[in-house]
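I have a structure here, written as structure tokens, and I will follow up with some questions on it.
Chain lettering (A, B, C, D and E) follows the sequence in which the chains are written, and residue indices restart at 1 in each chain.
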Amino acid sequence: MTNHQRKSRNLPPGTLRAPADAQCPKTIHAFRYNAEQCEEGEFASVAEAVAWGRGKGVLWLNINGLGNVDYLQELNRELGFHPLALEDTLHNAQRPKVDVYEGHIYIVVRMFRYQNHRLEREQLSLFLADGVLVTVQEREGDCLDSVRHRLREGAGQVRSRPADYLLYSLLDAVVDSYFPLLEEAGEEIERLQERVLVETGRATLSRIHDMRRELLDLRRGIWPLRDALGTMLRDGETGISPQTQIYLRDCHDHAMRALDMTETYRELAASLMDIYLSCASNRMNEVMKVLTIISTIFIPLTFIAGVYGMNFEHMPELQWRWSYAGVWGLMLLCTLTMVAYFHRKGWLGGSDT
Amino acid sequence: MTNHQRKSRNLPPGTLRAPADAQCPKTIHAFRYNAEQCEEGEFASVAEAVAWGRGKGVLWLNINGLGNVDYLQELNRELGFHPLALEDTLHNAQRPKVDVYEGHIYIVVRMFRYQNHRLEREQLSLFLADGVLVTVQEREGDCLDSVRHRLREGAGQVRSRPADYLLYSLLDAVVDSYFPLLEEAGEEIERLQERVLVETGRATLSRIHDMRRELLDLRRGIWPLRDALGTMLRDGETGISPQTQIYLRDCHDHAMRALDMTETYRELAASLMDIYLSCASNRMNEVMKVLTIISTIFIPLTFIAGVYGMNFEHMPELQWRWSYAGVWGLMLLCTLTMVAYFHRKGWLGGSDT
Amino acid sequence: MTNHQRKSRNLPPGTLRAPADAQCPKTIHAFRYNAEQCEEGEFASVAEAVAWGRGKGVLWLNINGLGNVDYLQELNRELGFHPLALEDTLHNAQRPKVDVYEGHIYIVVRMFRYQNHRLEREQLSLFLADGVLVTVQEREGDCLDSVRHRLREGAGQVRSRPADYLLYSLLDAVVDSYFPLLEEAGEEIERLQERVLVETGRATLSRIHDMRRELLDLRRGIWPLRDALGTMLRDGETGISPQTQIYLRDCHDHAMRALDMTETYRELAASLMDIYLSCASNRMNEVMKVLTIISTIFIPLTFIAGVYGMNFEHMPELQWRWSYAGVWGLMLLCTLTMVAYFHRKGWLGGSDT
Amino acid sequence: MTNHQRKSRNLPPGTLRAPADAQCPKTIHAFRYNAEQCEEGEFASVAEAVAWGRGKGVLWLNINGLGNVDYLQELNRELGFHPLALEDTLHNAQRPKVDVYEGHIYIVVRMFRYQNHRLEREQLSLFLADGVLVTVQEREGDCLDSVRHRLREGAGQVRSRPADYLLYSLLDAVVDSYFPLLEEAGEEIERLQERVLVETGRATLSRIHDMRRELLDLRRGIWPLRDALGTMLRDGETGISPQTQIYLRDCHDHAMRALDMTETYRELAASLMDIYLSCASNRMNEVMKVLTIISTIFIPLTFIAGVYGMNFEHMPELQWRWSYAGVWGLMLLCTLTMVAYFHRKGWLGGSDT
Amino acid sequence: MTNHQRKSRNLPPGTLRAPADAQCPKTIHAFRYNAEQCEEGEFASVAEAVAWGRGKGVLWLNINGLGNVDYLQELNRELGFHPLALEDTLHNAQRPKVDVYEGHIYIVVRMFRYQNHRLEREQLSLFLADGVLVTVQEREGDCLDSVRHRLREGAGQVRSRPADYLLYSLLDAVVDSYFPLLEEAGEEIERLQERVLVETGRATLSRIHDMRRELLDLRRGIWPLRDALGTMLRDGETGISPQTQIYLRDCHDHAMRALDMTETYRELAASLMDIYLSCASNRMNEVMKVLTIISTIFIPLTFIAGVYGMNFEHMPELQWRWSYAGVWGLMLLCTLTMVAYFHRKGWLGGSDT
């Protein structure tokens, strides 16, 4: 079911085989636009879409799901995308990266979303060739609607710019989608800090561990993405125009900021574990104090009572008139001494200590 | 309310939209100065201020608050500042950085101050174009008054130098404002060290965690600033004159020193947590010792008393003349043995152990 | 028995001596292939195999076992492989690396497999000379069958490409074989996380430590391999053709991904140890609470009973009519007070707290 | 009182103002020497000293104390030292560094010494111009007497070499002065390791924390010094002659060694904290065992005695002839069983366990 | 007694003074060899040895002990070795390094051996000049006998190669001597892992700390050695011939492997400390459970017995026929309830939990 169990062993590199549980897309969504207009369509094959859109401004093809290997093979035939890049598209645990092939570049990034209280990860593959951008996702639903909206409305510069600006816009939308997750994580950490001080259930412990795992997951998505964006800024071979590079630099800054936040939250989550241990230790201390106070007060008293419960024939105190009252007095004195001692130690200071 | 919830999803990059809760400035503060004189004014628009001050030495415009987007749009129209830089100005969680645009450079730094016992952060954006410096802050009140004072008094070299020296002066004032905070943090850590040795309340624990969070925050502000300053020193493109670079190098040294201090305090704060745990463990040990001493002394005595409280008919000791005194002797012996044992173990050594 | 005890002290570098417990291969397995056909054979000596296969496309010789030093000496004589490389082949704890010698390159990688619940490591040495690839393994059985299958079936491009593509195919098969192990480790960590929350045996503790050791082992195998692959990509001297480099880059990406996973699992395993300690502390807390609740309820009651077990002659309560019932009432009150106190403290909240 | 509270806010960079509590030197100490002779003198002003010594071989001026700003202003007037360098001289918390100015280089290093059991730090500023070396210290007393001695005695090469060799000699004396401190720290760590195993007072805990703080302090002094020395070795601009660079390389090696030792001791000090916690945990264990052994032996015995202290009319055992002896036998059996159990558990193994 | 106390303060750099407790060698051991023959001799002075051996192939001089400063001065006079290098030779705590001087290179490495269960370190200085190799050790006895043996026997290539190959052979012998120590450390860590699970004496704790200290020591020896070897590989100035560089690269690989092992063992040793703490915590838990089980079973029973030991006149139960048996029944019920509760909690699961 996982990536590598799916990858059967006897296949040569570049073989395209759909993952077993992949969504199988029936159509390809296409945008074609230039500064004047923007049209959309659904096509049954890559060839049709390319025929419809190529050469008329910028063409953006989007494929939702990895189940239809025909589409990927068409991408190779029609647009010349490299089989290795297409194979990476199908294996959904790629490290974010940018690969330069002859005639096109291939970029992988990770999108994240919370689903059923778990951080779900989805791989987004982007192919940029001359005037054509192809995106392949694992599932319906993504964080790219803002870009689609801008294309339809003609807002911003996206329609009047070449395909690499569209690439930037999509990458920017992906990076921006990390921030709500990180802010969510930041707030969760604040909540956990409150909680950890007042209760110590296994649920809290498990939650901190999950938080750490999720932050590691995010970091594994953002760290290499930052590097890939840095490569696109520095490296002349990726074919990004200088105008778009100014924008990509902004996107790179955002990715660095997201990484900063991730690292900060990881440190804070690790610090939470320390607090958890300290609080557990405090609580134990409190339990021990109650036991100790009760025991040290009553054990001597019980001993005194035990002494006068002995059955010796010759115990002169037993016959004395005031000895019963005297014993009570002795016990009271004993108790007061102990209470004074505990008070001086500060052990009676309430549950906060 | 936070940065990215404010950033609505459907806007293209470079769109200027004020944050919801931003202060809305009514005027722009302007300085114009040269070696001979220095004048100040308040203007209702950027255009007026630029008309008043441009070409007459150096012009410094300061905008207090992000609420008035018109001002930023004017900055684009009048001074040609890049929309991306202006957009970053409005999003108040930028990573400190320096961006080179055509005709101007854009710098973001973070100012910190304590407000209601919390470390508040404010973003300061600086634009340096030919002969004009523009600063945009989030709020009234900053750490730049020393520079204003020097401009008014003509103290130092600032009036006789070009705009990049003013830029340096402002950056230097910001970096210098970190040191009192760091010294405060250093003293707080010393205080916490004292406190952690004598009490273990949740308040202390919470304070240590907050300290770590604040130091992480400072680090996130200083680390990239140091890198940005380093870039300005190395990179010929930023257009900083060699005369000013000597001063910037000094500022860079200060930033490195601030970073050194931050890292040192972070290590010490982490070490405090260890001490906290150790002290909690020591205190528990002490509680356990009291319980153990009392219990191990009295439990055997109570047993002896219990034995002679049994009601067997044939217990010859009960009738003996001196057996009651003998039992007291036995108990005393028992107690002394135990006390000697504890003494040898060093458990009676007082509360310091 | 270990590597360096085997290496006797008085031998000059480049001396070939088989490890004491090495498998001694009787034959050499050989493939010779070109785009049209692929033949296999078993040969008794390197010379025969080379005579049979050289110059007829690509020749792949595989030696299973380090026990037959004659074969290695023949490799030196027949193919000119450097004595230092051959010596490294025999010492089975090499760091993965790539060494460029005149006329051939030498690569060492590590293969891993689980055997009897322990991670076993096997060294694979690869020599690439013009048109000839030689592999030397420690034992029968490896992760390279998928490549053999492709050679036999003529699947993929491997038959129509030069020897460096075969090298890539083998390296790729090795790197791919890490993923099932890593996925296994990831699942083991999830299982351990479950287990650590509910039980604290030494077995769990030992398992976490072993897990950390195994992940360190994997990391020691993957980290330098990634560097070696990076060297082969950058370094012109290794003689890898640009066509194959595109594939090697893919393999390099996989190695980086494997390394990422290893690092993530190492962090999670370290975090598990924290959870273990926290859970142990929780459990102790629970034990202490039971003791404390029982003790603090019964110790005062026992004291009361002890008081009325005293044998003083003048204890008026003893003669009163309802004092026995009254004592029971007092005890009940005492108990209820305690239970209420514990309830308020939340100590009666069940085993989850 | 600290550095930045002293630095008043309204001063431009390069303003010289003495720290409030600085020693105020009355004279300047001067050496002038060449291969033949060496003379010393005390002068009231820099101008006099320069007039006396310049051009007659090498001139070394030493100023003890930061209180006399006139001297620093003279350094600017007479020798052309840069105001920023002079300002750094007055602010006594500089990071060790080397700054190249036109006509001179400026070096800051830190000297350390133990005073009243605290690690005191003193800043030493060195200015190297053509044939003149100026040093400024915070206080009387330093680690440079060995160099003065060699100058007076004409020992070694210092008198026959140019001023940069004197600079090297002083830096070497400073770096060498770190080693006794580090060796002291190493021995203290050994002592603490002994102590931590046998006692757990707060004093030990506090001492470990102080040790970590001091090592961090040393590291903050040595780390940037090593970098500064590295810069002087690599960078042609500092004007150090190749002959002297060979010596500086040696000094650089020593600084790296000092840094190595600091890092090692930091790791060991961190490990001591772990040991402290483990030992505290061991001691607690021991206390608990004593309590448990005493309690588990006597609580059942007390119960038995309690049973036969009951006052039921129909308790046949009470009348039996040997039941008292039998009860003692039962108690003995009970005790032996428990002792055997504890023995098997290994809990009676003495205080070492 | 330590290095820097020995180094008296008033000496200029390059002064040669023997350490106080140094072995004083009486003779110098010399090898002279070429491909045909190899002769050995003992000489009273460097001059004699050089006269005997120079120009007749390769000459290797070995000095055992730092006590005879005359020898070192002769090395300066006869062979032109730099005073700084000779001074470093006498100070026996050098960081491993390679220094290039005019006409010779100077290399320092560390040899380690176990002596009385402590890791002893010895400094080996190597000087390589044209056709002459000089080694200076602190003591008799080293790990270089395999090289001597090969020289005498003419095994391997060492006799037919120039002096830099001898240098390589010696460095290789030193690096190889680290592996048995590291394997020893690895086995010790395995033994400690076993031990830590079953006992918690201070000895174990102390041993883990010592292990960490020793590994740090080894790392301080190996890390800079690896860098020095890397320098010799890259840097053209060291004058190592390309033929020998191939061998040095192998030696460099071994040093990296040794470093890898050191790092791995350091991580495992740190993990052992975690296990130690966890086990101590487990053991405490077990002790607490025994106490809790015994206490919670017997405390209620003792209370019941106490109740019927009261001396009230009106306690109807005391006269009933079956009440004694009934009380026993009640006690049994009570005990069974408790045992069932503990069983359900899993506290009776034996010593493994």
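The criterion applied here is as follows: contacts are C-beta pairs under 8 Å (C-beta built on N, C-alpha and C of every residue); 3 or more make two chains touch, one makes a residue touch a chain.
Please read all numbers here as calculations on a predicted model, not as lab measurements.
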Chains touching both chain B and chain C: A
How big is the gap, in whole Å, between where the Cα atoms of chain A centre and where those of chain D centre? 41
Per the centroid of Cα atoms for each chain, what is the distance between chain B and chain D, given in Å? 25
Pull out every residue in chain E that's touching 2 or more other chains. 277, 281, 284, 288, 291, 295, 299, 302, 306, 309-311, 315
How are the chains arranged in terms of who touches whom: line, ring, star, complete or other? ring
Could you give the sequence of chains met when travelling the ring from chain A by way of chain C? A, C, E, D, B
Which stretch or stretches of chain C touch chain A in the complex? 145-146, 149-150, 153, 155-158, 169, 172, 176, 179-180, 183, 193, 197, 246-247, 249-250, 253, 256-257, 260, 264, 267-268, 271-272, 274-275, 277-279, 281-282, 284-285, 288-289, 291-292, 295-296, 299-300, 302-303, 306-307, 309-315, 345, 347, 352-353
Please output the residues of chain A touching chain C within their complex, sorted ascending. 2-5, 7, 9-15, 82, 84, 88, 93-95, 97, 99, 101, 199-203, 205-206, 209, 212-213, 216-217, 220, 224, 273, 276-277, 280-281, 283-284, 287-288, 290-291, 294-295, 298-299, 301-302, 305-306, 308-311, 315, 317-324, 327, 351
